[in-house]
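Dropping a structure here in structure tokens format, bear with me for questions.
Per-chain numbering from 1; labels A, B, C and D assigned in written order.
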Amino acid sequence: MPASKEQITDFFTKDFPQTKCQIISVGNGTALVTHPVGHEELRPGGTVSGPTMMALADVALYAAILGEIGIVPLTVTTSFNINFLKRPQPANSIRAESRLLKLGKTLVVGEVNIFSGDDPMPVAHATGTYSIPPQK
Amino acid sequence: MPASKEQITDFFTKDFPQTKCQIISVGNGTALVTHPVGHEELRPGGTVSGPTMMALADVALYAAILGEIGIVPLTVTTSFNINFLKRPQPANSIRAESRLLKLGKTLVVGEVNIFSGDDPMPVAHATGTYSIPPQK
Amino acid sequence: MPASKEQITDFFTKDFPQTKCQIISVGNGTALVTHPVGHEELRPGGTVSGPTMMALADVALYAAILGEIGIVPLTVTTSFNINFLKRPQPANSIRAESRLLKLGKTLVVGEVNIFSGDDPMPVAHATGTYSIPPQK
Amino acid sequence: MPASKEQITDFFTKDFPQTKCQIISVGNGTALVTHPVGHEELRPGGTVSGPTMMALADVALYAAILGEIGIVPLTVTTSFNINFLKRPQPANSIRAESRLLKLGKTLVVGEVNIFSGDDPMPVAHATGTYSIPPQK
């Protein structure tokens, strides 16, 4: 049974209290998630740090999965690949649009584009594979 | 001209004040970097969060590069791939051992193994590609 | 100056005579490329072999790049990542739809979806990074 | 029950008759596999083609897995990542040294270094994830 945006937000608030990601929408194998950009996220030259974008991409894929299979906390990332494409604009929050490419019984694969400001071209693109534990 | 462990630590302290990574050693195209594991790094089930391991792997590769080319702050990650292999032990810090596979004039590629406790098998393995800006 | 589908096909015929890929269309940072599936491409269980799909994805990205920058033979793949999503149908040819995500002066990044028969879901998804040699 | 080098070679000869790979040794979660380099494997500029190296890396990982779990033909690649590091020497065969990083019940992860001639630095580095079907 799929989880709603509210259920997923509650789950993240409780289990990942340190994340600053905000889930905007979830459904149909997709999710839209934003992350503020402040001093902590910036690195030399005004670039958003790579790990900030990786964490956002991972949350956006995780949210899209929970939106399909429900709150299954032991779902884990098994592999993750990201390409950094261009420098995000430091004054803006970044947002991730994820989309599942495969929803198997035990393996899920999805892709994410990360955008900055009103630039229509992504600043990063990632793919991730997740393992769903066997359900009883 | 290569940077020493002290120079790289100073650079991270100033430019990435939020990181908890500690550089243990740098040299010969390698680096050894540790990261403490506490409440913030754990996720449901007592697993170290994926983004924590990604950030550690990225720092370990970055340190190995600076150890060869010196403090070149505009060096950026262009692509990054990680496989999560097994669950780290929650009571232990994690450590990353990075090694450069290619040190070109504009592109550097390296790999990282992440270990937990005294387990000889890695808990994660990553590869990353970095772009070095043209030097004047 | 961009290369046309005919120029790219000529280039592949001359320089990669062993490839069975057929370029259907090229333009706007995209390419559509097909590959027949016969005895040589199949492996146990009637699956199209992984290397066949990797080669097709690589050609589809290469074609999209030449369609933008022209015939630059020394353009080379620097990294490549592929996720195999589902089993292709053995009776059908496979086709790849590539799309560039970044077209820089020295680095190009693109993604590819591979489809089989009339299934709207991809059987594989790949991303690749290519290095363009400095032009005089 | 593990498979021997001879059993794996027989399996490849029967089920992948088109491959030119030769398995030199298998055991302890590793494999050493070579591939001749001739006209078919070369591309413009005398470089060994990317797909040739991808196919070799895939076979080397597959051989290392069968060397541990025996001949399980439905074992399939689920994801594959490769970094091309330097130009192989066109006059030489290439060889791949694979090593398993994780041997789980359903997922196996390994890495491969590809070498050319007597150069001690790899010309390519790859990682792959494989799915083992449930055994009865």
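One rule holds for everything that comes next: contacts are C-beta pairs under 8 Å (C-beta built on N, C-alpha and C of every residue); 3 or more make two chains touch, one makes a residue touch a chain.
Keep in mind it's a predicted model, so treat the numbers as computed, not measured.
Student: Could you tell me which pair, C-D or B-D, is linked by more C-beta pairs in contact?
Tutor: More C-beta contacts join the chains of C-D.
Student: Specify the chain most distant from chain C by Cα centroid.
Tutor: The chain farthest from chain C, judged by C-alpha centres, is B.
Student: So how far apart, in whole Å, are chain B and chain C when each is placed at the average of its C-alpha atoms?
Tutor: Their C-alpha centroids are separated by 33 Å.
Student: Averaged over CA atoms, how far is the centre of chain C from the centre of chain D? Could you give it in whole Å?
Tutor: That gives a centre separation of 22 Å.
Student: Just give me the whole-number Å value for how far the CA centre of chain B lies from that of chain D.
Tutor: From the centre of chain B to the centre of chain D is 27 Å.
Student: Two or more other chains in contact with one residue: find those residues in chain C.
Tutor: 78-79, 81, 83, 109, 129
Student: Would you pull the chain C residues touching chain A in the complex into a rising list?
Tutor: Per the stated touch rule, the residues are 81, 83, 85-86, 101-102, 109, 111, 121-122, 125, 127, 129.
Student: In the complex formed with chain B, which residues of chain A make contact?
Tutor: That would be residues 15-16, 18, 40, 43-45, 47, 49-51, 54-55, 58, 73-74, 76-84 of chain A.
Student: Could you list, by residue number, the parts of chain D that touch chain A in their complex?
Tutor: 78-79, 81, 106-107, 109, 129, 131
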